[in-house]
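Structures are listed in the sections that come next.
Paired with chain B in one complex and with chain C in the other, chain A is shared by the two complexes that follow.
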Partner chain A sequence: MTAMQTVPRTGTGGGTDPRRGVAPTPGATRPAERRAERPAQRSQRLRHQFVAWGFIAPVAIYMIVFYAYPLFRNLDLSFRDYTLASFITGEAPFVGIANYVEVLRSPTFWPALGSTAVFTLGSIAVQFALGLALAVFFYRRFPLSTTLRALFLVPWLLPLLVSASIWAWMLNSDSGVVNAALAVFGISQVNWLTSPQTSMIGVLIANIWIGIPFNLVIMYAGLQNIPDEVYEASSLDGANAWQTFWRITFPMLRPVSAITLLLGLIYTLKVFDIIWIMTRGGPGDSSTTFAIWSYRLGFGGGSPDLSPAAAVGNLLIVIAFVFGIIYIRTQRRTEDEL
Partner chain B sequence: MNVRTKRTVNTTIGVILTAIMLFPLYWMINVSLTQPVRLRKDPPDLIPIDPTFDGYARVLQDQLPYLGTSLIVGLGTVALTLALSAPAAFALAKLRPRGGGAVDFVMLIAQMIPGIIMAMGFYLIFFNWGILDSVLGLILADSTLAVPFGVLIFTAFMSGIPEELMSAAKIDGAGAWRSFRSVVLPISRNSVVTVSLFTFLWSWSDFLFASTVNRGGELQPITIGIYRYIGNNTQDWNAIMATAVVASIPAAVLLVVAQRYVAAGVTAGAVK
Partner chain C sequence: MDKNRTARIVGATVLSGVFVAAALTGCSSTPSDNDSSGSTEYTLWDPYPDRDASSDWAKAIDACAADIGITIKRNAGNTGDTVKDLTTAAAGKLPDIAMVDNPKVSTLADAGLLTTTDDNGLDVSDIQENILTAGQIDGKTYGVPVGANTLGLYYNPAVLEAAGVDIASVTDGASLTAALEKVVASGKKGITFSAVGTEEGSFQFLPWFWGAGADLTALDSSEAVSALTLWTDWVKNGLAPQSVLQNTQGTSWDEFKTGEFGFAENGSWFKSDADAAGYNSIQIPGENGKPAPAPTGGEFITIPIQKDTARYATSVKIVKCLTEGNTGADSLGYVAPTAAGQEAQLAADPTLEGWVTAVGDAKPRTADNLGVKYGTISEQLYTAVQNALSGGLSPADALAAAQKAASEKLG
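For the complex of A and B:
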């Protein structure tokens, strides 16, 4: 299974042609009986729809109760003033856009927006570059290459909380192995996670490490879809490895790259565990993204400010959806090109 | 350079790159075996000199209930996800009703919703339903990580099953449910394994839902167990890393036992 095969396929899946699934009734082939069969056929078609939706109904209900309803509650929450008392009385006054105004005016807003942009773009740019470079390297197929490539997947499978804990200790100012290694080169102690100047770099390093395997695997699958003849032609023309990469491989990987980058963007916007475990968004607001800000307002200890937290979350969802729509459009276009 | 030396050079570079990539894992194991008194040494010990298993003893002493909860939540989430997604995918792939495309679209969009937003919605809803801080609530919340993924993976796989098989089943008098149970589901075994593995892993790894909808529950998963260790003031990294090693076991098992399913899931997971 490769990305190119499965990604576009899941893009549209079934249902593009609603009639294709209706099996022709045996009687329909006999012209004399056709007219008489019509009402029966229609009822059979209806029955078919009914049966099919019977299979889908549980998931449809599930999506309404466990996706649409929480989203609605969240939206509703963001237009009310929900306090601890609201849990007891069940009532929260409607306050219009007051929570959004509060969030936009908060001193945290601009730093959080900046951190979200830096964290997201920094992560995907480096992950993608390293993932692509590694994919090209492993595509050379040497002894052990398959095993080593499989081992590269491990960081992606670990619980995020475990990865974040490891990096938090490795980047520890006094006893971390990273600072010990830097000391060998004469670089003095860096307070990775405890200084506002470097905390973002600290969480970026961890998040990039986690994201490399995904980029590697997808880009490797993309490489597998480039026909060998293209390379043969290029080597016949006397192109060297560098030219082959920039003139052939890279342009042919454009559709896969677009999908990988956009997916990376959407999923990095959501990242919560890594930053929360390593810095809790601090020191100060120095590594506070929207996801962290929202969590901190709602569940970060102290009295929960659920309503502003919901407002921050809804701003995040708007950003995610914009890129989500771009992703789906790109994916459909890629599929058309194939 | 002849082909053989070139290959050797590539393998050497590959081994070095992999070693760098996996160094944090080595470090986790190293720290999990290091005496707490030696942990603050500068520079740190590169290998566990005079190793200790106290960290693991503490895991057995403190963390077994958390591990058990994670196991129950993981299995519950897998069961719920399979029960919901496989039949729906069968209908989308093989019965192709009107509006099926819209269902697919919803599944794609659903995966893009940041978890923190879902968590806040669940918090209020579960409070009203009285299942806040319960294993059931956590299973329901965790299943939202996997159900859309399951539907999309199953649909992709089942679309590839030949129509002839379906027609044959129909001629034999099998209804839709029978065709699903006896024909499509057995053929889809690989995708069942892939979806189950990833669902279990995501549920096992979940921290966001555990720390919101189950923050005060009696039964809490292993991610909360580690978080408690990190949060308390002693900052006993030896025990933290020992717990981290144990919490990584499912991922390791997955990679060893089911490597090909993992690769399939990651690439197909481009929709995740």
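For the complex of A and C:
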């Protein structure tokens, strides 16, 4: 089968091929030619370069001010020792990697890393699977399907404070609705958010519920871009429903899946509100992820430990960065195959 | 055509650059803009955003201002923001009067933002000694309490009568546990309190902690372990519900008001609510038969440093006006900080006697020269409580880990 152009024109999927680079500016010349050009040509080339910089300047300034500078500040914060006195005196001694060592040696480090991994991977896996299942379900239009699909968006639209508070009430150990429903089936009280064993499950359930609509919407859009001819051809070849899904739909959704998973992953790594409102990191450290830990060190605990908090934050950025690199490499490999 | 386009593009670039630069400089604060030195307007920051201009507190401030012949500009924000605002404000922009939660006074004093009574000439001789210690570091006094509240043990007489419990028999932890067992046997729930993973949890645990004879500098002592075991056993044996791990004091009070509970540990600020519902209260029982010292809540009035030291004299008058008598304390729901004020409160409402006594037996959290260390110790304490009550660690292990973490952080 010839490779057909199936990459959907969704926002960031597909994208530019980094190998192609920027289109050559008008008048750009190779070094050998530059020696031979006349002054008028050179001044025109300079003017065009100036114009090019003029275009880039606003976005460059924006990126530097709102992306590069805070990142730099955070790194600076993590290499110094910031205390409350630093706000007054403005001084913060340089301590090198002492904060990172303190963070890595902390007894919370490995539990937090484990919790972050469990929370992120667990959320993504279930959100993606359920989102995809729902997208396939809604692919066939039936009466009220649009209304139902709109209702499925509600978890995504609610403010996180509202969702998290309501889930915290529903999962209340003694008087929550969930335990009341379980009691009807004869299951004894589960201490969802107050037991170290189940607190992570509690926040996972809430986060999955909130994340399904995002996956549903994007996978649904991805499904629309699969041409009908492929399905017709496969049904002529005698494929049943499961084979159609597994051998046709799923591989063709690969670029969309990749971007959905990446966006979901990076978002879930940073999830803070839900866990903080429901358990504040759980009894002890049982539902403490890196994001929670960073906030608790900086603002939630007894004293503001801003430098270790910045160190934890930087570790989180590194993790997200690693996944971003993996994604770009996978993209490049996919485009090589095409 | 090309020249025009180039000119327009260059112009747009320059304009956007100027715009960004202007936005950036506009964002940075200009220091000496709101300097109020030499004026008769005094600024007061308090952490009561829910008490608006029509509240008794605002009226008390206005009355003081009228008495002294000045105007007081009030700025109400949350306590956390107040501390943040104070520490990030430039020296010339600190308010004349700042009210902060009493455990935070030492933090601000440590940062060099507050004046001592030696600097500002405030006379603190009639302030009740035990509640003043939260504002005292190394023998110097940095502020005075506007009033104090504390914790006690509320009980529901109807539930206790139905269970056959005599409140006079509750004199220590063991007798309270026995009473709880009787209440649970009669079909009701035992006790509700707040063991949440925040300062509120530490606040609620401290009466039992201190009542057992433990000290905040040694979280792993055997007395501390016995106090935490008391709580852990209550939750394990069903005498206290699992929800205590998530309850704030407000939620715990809501639970108590359902009438399902026999006992509730909560604060004096619910007294009028309790009176209306027919509940009574006793002091929290300690382990040696005497009532346990409970921690004090309530804000301190402090005078931050000012460039113009002549302003201290008037600031002192404002502080005196707000702490004398009972108007200030009444408007905030506190027990007054002076003996005269307390007498006035008792004259108006004799049933306050129990709470006045409780405040007299109470102890501030940053006392014993703990100062800024309290925040770190408290964080480890409520973490240990959460670990033990949730069954993650035994009380001894939880407190040992807490003491280890606290000593490491405090060096």
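By our rule, the second predicted complex is superposed on the first by the 264 of 338 C-alpha atoms of A that agree within 3 Å, B and C clash if a C-alpha of one lies under 4 Å from a C-alpha of the other, contacts with A are read in each partner's own complex, and residues count from 1 in each chain.
Just so it is clear, contacts are C-beta pairs under 8 Å (C-beta built on N, C-alpha and C of every residue); 3 or more make two chains touch, one makes a residue touch a chain.
Worth saying up front: this structure is predicted, and the values here are computed from it rather than measured.
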| item | value |
| --- | --- |
| Which superposed partner A:Gly114 touches (first chain B, second chain C, both, neither) | neither |
| Contacts of A:Val51 with chain B and chain C, given as first, second, both or neither | both |
| Touched partner set for A:Phe87, first chain B, second chain C, both or neither | both |
| Chain A residues touched - chain C or chain B, whichever exceeds | B |
| Touching partner for A:Gly301 - first (chain B), second (chain C), both, neither | second |
| Partner chain in contact with A:Ser173 - chain B first, chain C second, else both or neither | second |
| Partner chain in contact with A:Leu193 - chain B first, chain C second, else both or neither | second |
| Touching partner for A:Ala221 - first (chain B), second (chain C), both, neither | first |
| Chain B and chain C footprints on chain A, overlapping residues | 51, 54-55, 58, 62, 87, 168, 174-175 |
| Touching residues on chain A, where the partner in the complex is chain B | 1-3, 6-7, 9-18, 20-21, 23, 48-49, 51-56, 58-60, 62-63, 66-67, 69-74, 77, 87, 134, 137-138, 140, 142-145, 148, 150-163, 165-170, 174-177, 180, 183, 209, 212-214, 217-218, 221, 259-260, 263, 266, 269-270, 272-273, 276-277, 291, 294-295, 298-299, 306, 309-310, 313-314, 316-317, 320-321, 324, 327-328 |
| Chain A contact footprint on chain C (complex, rising order) | 6, 9-10, 12-13, 16-17, 20, 24, 87-88, 107, 110-113, 196-199, 241-243, 245-246, 372, 374-380, 383, 386-387, 389-393, 401, 405, 409 |
| Contact footprint of chain A on chain B as seen in their complex | 7, 10-11, 13-15, 17-18, 21-22, 24-25, 27-28, 31, 39-44, 83-85, 87-88, 90-106, 108-110, 112-125, 127, 140, 143-144, 147, 151-153, 155-156, 159, 167, 170, 175-176, 180, 201, 204-205, 207-208, 211-212, 215, 223, 226-227, 230, 237, 240-241, 244, 247-248, 251-252, 254-255, 259, 262-264, 266-271 |
| Complex contact set, residues of chain A against chain C | 47, 50-51, 54-55, 57-58, 61-62, 65, 84-85, 87-88, 107, 168, 172-175, 189, 191, 193-196, 280-281, 283-284, 286, 301-303 |
